[in-house]
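Every chain is named by a letter (A, B, C, D, E and F) in the order it is written, and numbering of its residues begins at 1.
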Amino acid sequence: DFLNALTEVKPAFGTDDAELETAMTYGIINFSKNIEPLLNDGMVYVENVRKAERLRHLSVLLHGPAASGKTALAAHIALKSEYPFIKMITPAAMVGFRDEVAKKDYLHKIFTDAYKSPLSILIIDNIERIIEWNPVGLRLSNTILQALVTLLQAPPPKGHRLLILATTSQRSVIEQLDLAGAFDRQIPVPAVRDTQELKEVLKSVGAFDGNRQDIEEAVNMVVESNANGGGAVGVGIKTILTIAESAKFSAQPSQWFADQLASQIARYSPHSS
Amino acid sequence: DFLNALTEVKPAFGTDDAELETAMTYGIINFSKNIEPLLNDGMVYVENVRKAERLRHLSVLLHGPAASGKTALAAHIALKSEYPFIKMITPAAMVGFRDEVAKKDYLHKIFTDAYKSPLSILIIDNIERIIEWNPVGLRLSNTILQALVTLLQAPPPKGHRLLILATTSQRSVIEQLDLAGAFDRQIPVPAVRDTQELKEVLKSVGAFDGNRQDIEEAVNMVVESNANGGGAVGVGIKTILTIAESAKFSAQPSQWFADQLASQIARYSPHSS
Amino acid sequence: DFLNALTEVKPAFGTDDAELETAMTYGIINFSKNIEPLLNDGMVYVENVRKAERLRHLSVLLHGPAASGKTALAAHIALKSEYPFIKMITPAAMVGFRDEVAKKDYLHKIFTDAYKSPLSILIIDNIERIIEWNPVGLRLSNTILQALVTLLQAPPPKGHRLLILATTSQRSVIEQLDLAGAFDRQIPVPAVRDTQELKEVLKSVGAFDGNRQDIEEAVNMVVESNANGGGAVGVGIKTILTIAESAKFSAQPSQWFADQLASQIARYSPHSS
Amino acid sequence: DFLNALTEVKPAFGTDDAELETAMTYGIINFSKNIEPLLNDGMVYVENVRKAERLRHLSVLLHGPAASGKTALAAHIALKSEYPFIKMITPAAMVGFRDEVAKKDYLHKIFTDAYKSPLSILIIDNIERIIEWNPVGLRLSNTILQALVTLLQAPPPKGHRLLILATTSQRSVIEQLDLAGAFDRQIPVPAVRDTQELKEVLKSVGAFDGNRQDIEEAVNMVVESNANGGGAVGVGIKTILTIAESAKFSAQPSQWFADQLASQIARYSPHSS
Amino acid sequence: DFLNALTEVKPAFGTDDAELETAMTYGIINFSKNIEPLLNDGMVYVENVRKAERLRHLSVLLHGPAASGKTALAAHIALKSEYPFIKMITPAAMVGFRDEVAKKDYLHKIFTDAYKSPLSILIIDNIERIIEWNPVGLRLSNTILQALVTLLQAPPPKGHRLLILATTSQRSVIEQLDLAGAFDRQIPVPAVRDTQELKEVLKSVGAFDGNRQDIEEAVNMVVESNANGGGAVGVGIKTILTIAESAKFSAQPSQWFADQLASQIARYSPHSS
Amino acid sequence: DFLNALTEVKPAFGTDDAELETAMTYGIINFSKNIEPLLNDGMVYVENVRKAERLRHLSVLLHGPAASGKTALAAHIALKSEYPFIKMITPAAMVGFRDEVAKKDYLHKIFTDAYKSPLSILIIDNIERIIEWNPVGLRLSNTILQALVTLLQAPPPKGHRLLILATTSQRSVIEQLDLAGAFDRQIPVPAVRDTQELKEVLKSVGAFDGNRQDIEEAVNMVVESNANGGGAVGVGIKTILTIAESAKFSAQPSQWFADQLASQIARYSPHSS
């Protein structure tokens, strides 16, 4: 009757594979030795919730710099889990609601839906946006925050199991809000650290039409424009991939790529602010 | 007519034994010499309210670090009391309400229900969450707070008796809010203090399939990774029990257990922040 | 037609003797030389309002430490007044109202009721709670506060007389709020000051089954555990009376009493904070 | 048709002589050489508004310490004016309104009523209370404040004339709020300054059954208890008059009077705070 | 069809000449060499909006001390423009609205009305009051402010032209609010600077029944009472004119005038605060 | 069916060419060597969104000093794009909405409309005004801000492409609000930097009836009045163009122009504040 429950749930909610795949436009590139352990950890939690006798419920926070691939990784783990119920809660899905109460009710509704399946994954994407965080005046929706903290910790009904994967690029805010304490586990997601990893990314994605020399040239130009010297990069993989995509439309793709990336490196570099 | 009243109350509200037992998934382990006196104190208050001529009403606060077992202990005391009416008020039960007024009304309703029984226990779990406390901007629901302070102190109607057990892991917040003054008694709940107590917990719960050598090994590894040296632990029992449960799904259970626990010890250690 | 008015009023509102007596569970113990003058003052104001030609209206604030007996003393004065209309306004009676406007209207309604009687006493118990005071963020209901200040000062209609007795344990808050200025007179209510007064209280209430030796022993133990030395107590009489009542259920009543009381003394002692 | 307009207005609103006289329970005592010029100033403004060609509108603020007689003086001036329309706006009349908007509308309504008479006086009593001022958190009703500032300055319709007399004991608050600028003229109201003036007050009101010796005795005792030495008093006349009235019900009237007054002097003395 | 549009607009809104003239009770006195250039500037903007090809829209701020004649000057310019549509938006007209949204809608409505005329002037009087500015707590209506900033800058529909004249005596507030940036031009309005200008004002208005000697005497007394010495005045013309008007009702007009004016000079003098 | 979709969309929303052209009253003058690259960048993003396989969505922020031409440049790029759907969201279009929720819904509606076209441009003009930013009290609409951040980042539905051009003159505010991070690209818009560029502007627009000598004279007078010396200007092109237009109505156009411009230079010069 596992399959039965699955069928029962699917039509109404089920797993929205399309949405999950949209979150991984460029696939998952194995650009660093951190990626695999990180995915393994994710799968351990998947197995935990699926099988552990007295642990039917886990909440996991994926945190890392902007554009580092948090959403894609959460989607990837969820897809690989093959759980019968997978749902992604995004800020975009909440724009249409009238106010914080309506948003809170939506959040609650999704959890209630998940509780109907024997085995569920909820992805809560960009939680600082979900709680309407705004650093000016320390604004946020306390209504949504309280519901979120409570729902992250509440056990699902007897006989049901739930894994929650949430993402954020504002970990220090999450800590200040005592929201971090509501997560059972945390997974740090790294940026692309250095030119070695950068090359790996560009090769894997077939940048510059796969021309190795162009890649070398572009990476060299990045190193040269790097005010902080060295091969440090520290930029999220999504940023790198979209700049590479844009570069195709420029007159001088590798130069344009290097300029844009250098300015991003400067922006996120700790010495430059 | 005591039994009568009991019967009258039961169908509608009564004691939700299942919910109370869910709060004690791993039972109550006698891991420290503090546990017994603490439970005895709880039972003294139970007897007080049951029998004292001019003390028909007591409010007791169980406070201690996160995951230290506050909710389980409150549930345990309530179950042992054999009072005819026992009810647990949790943040999760309040998520569905529209706003603070609806939550306040719910709280009030539960007290009114309790007043109908000659002898009642109310558990108010996680009061900082009930009042929607948020450290950023010192947000909270003053509506709920005022109702809570008032209901904690209000005597039940003539001929009725009420014991309130509340839990919190934010005692200093409770003090700042003048909420502590609304409690007649306080019970401090300790974390697992040292490796001695830690071993006791692991043995009692049958961790590592009850393999004593694995337990020794795991505890030794914890000591080694402890940056602060010594055998200090300072982590709540729930955290220890769930890490042990998770460890089963890892390739190297005792190593994994030690790593995870060491990071928890570092997190809660006063020297590490 | 004085009696007439009285009859007219009684059925609907009248004097709620039962409620007033509930406020004096342990009676009024003459434990200190301050009690009598304090009660005399109260009775002078009662006579003032009853008879003075150009003083048909007085508002009096009873202030003192927590549990010092403010409510009991107000109830006692009211009962002794034999006024035809006596009403007590408590925070508990206001919990059920939707919001501050509903509470303000209730307050206003009670005053309007009182204005119908030729001679009335209103007890407003715990005014910091009535105005929903919360020290964190200096929260309060300005709606209720403004109504309260205004109603405390407004003269009753021609031919009607009103005495208001209010209580608070937060006098400094009341001063800050400019609320103190709305009272015509103030009565300070003292805590139990020293072991001499403490013994008096325990004897009067028949603590330890009236066993004088047990009382001496208990008091001696209190003195010994007193970190600040000397025979200073500084704890409200209600606290002392309820600890004595509880002690009966303990294995070692006098020891338990001394421990509990010592911790209360430490809590309220100026040196201990 | 002046009389006509008057008749038209009277039934609905007109001059509430009774209310004005209630504000002067003890009449106006000429206890200081400041009283007469102050009243003269008031009458000059009355004549101004009645006759000046290009000054059909004046707003005057009476400010002074608590209980100094501001309301009585405003009522006195209004009664002496013999204007056809006189209305007093008090905080008490506003308690019943739901919220600040309803209060603002009431204020507006009274002004609109006044505009219907060719010649009107409005007394706005205790403006800090009307605007719901609360020093904690600098709370106030900006809705009422804005309406008040605007209505104080707005010219009445052509052919109509309006004198506004407002009172406050919080002049510095009024200044901070830029509300003082909305008044065309200000009249300071003094407290009873010294024992000379105090004796004058007691004699005029026939205190101590008019017994001169008792008055001397009482005043001497006041001087003796005065910590700041000298014959300074600095207490409002209403306070003095009501203490004298109360004293009659005490066993030792002059002693009781002196004690009470001395404590009031201490309270308002600049050195004592 | 210019005349047509004009006719269409007039009945409903049109130019309220009476209201504009009320704003100039004492006419415009040419008391200083600054008045003429200031009026010229105003008329240049009038011609600009009437004729410039690519400048169909201008917003002008008249700012100056209290009572300096800002409203009268705006009314004067508007009357002289002979534009078919002239409307004055005052705080008094907004008192009756329920809340800031209703006020904002009214403001918007007036602009929409103006857009229907080919050529319009809107006077927005006392903008700090329109936006409900209150210095305590930096209160204001952001709803009205945002609408005002937007409407000041929004171009009227094609074929329509609009000149906006706004007044304020709180220029620094307007700057802080970034509201100053919404004005295309600013016109500073001066106070009456010295005794020379003061005499000019008194002569022009025929003060003291036109008696030159009385004027000299009064001005001399002002100089004498001036604590800051010299002939500096620094008071708005409206204040001077109304004091002169009031003085007629005093026993000693020139003395009374000098006293009152001296106190005003002290109030606004930079050295006196 | 590209044309089909276009036709389907056009009648209801389509491109409002008239509104875009109104935003460019004076055309686009090539006064500096920065203008062309800036426009080229804009067109690269246009092509990117039109054609890039994995980049169907870009958000671009045009930021620069007040009046520097941000809106005109965004309109120019949009018009040149020849996209089938172009829509401009302005603060003026939002004035009529009741509250922030209604404004947020309007914003959301426009995005939803854009999503129906295969290829759309949205111009969001003056985003600090759209979010109701007010520096006093750091006020803003968090409701609108959260919707804006989310909509800027949300990908359009499959098969649809969207380019967003937003403008602001408050870049530092945008950075503080974490709103800058929601933009994929930024385009800085410069002020008119020096007299060289100023002359270019005046010549191109045919100022002073195209009289070169008048232009020279005016520019020289500007240099002379420049307190900071040198030929620095630092004023937005719109300001220069409208002053030139106004100058025609002055008696001495070039003098008047120089005076006005000098005061603007002083206002925006970093040394003058």
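Note that contacts are C-beta pairs under 8 Å (C-beta built on N, C-alpha and C of every residue); 3 or more make two chains touch, one makes a residue touch a chain.
Since this is a predicted model, take the numbers as computed values, not measurements.
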Common touching chains of chain E and chain B: none
Chain B to chain D, fewest steps along touching chains: 2
Farthest chain (mean CA position) relative to chain D: A
Same-site or different-site touching of chain A by its copy chain F, using the half cut: different
Between chain D and chain C, distance of the C-alpha-averaged centres to the nearest whole Å: 34
Chain A-chain E separation of Cα centroids, rounded to whole Å: 58
Successive chains around the closed ring, taking chain E as origin and chain F next: E, F, A, B, C, D
In the complex with chain B, residue positions of chain C that touch it: 22, 25-26, 66, 91-92, 94-96, 98-99, 129, 132, 134-137, 139, 241-242, 245-246, 248-250
Chain C residues within the chain D interface of the complex: 44, 47-48, 51-55, 101, 104, 108, 138, 140, 142-143, 145-147, 149-151, 153-155, 158, 176-178, 181, 184
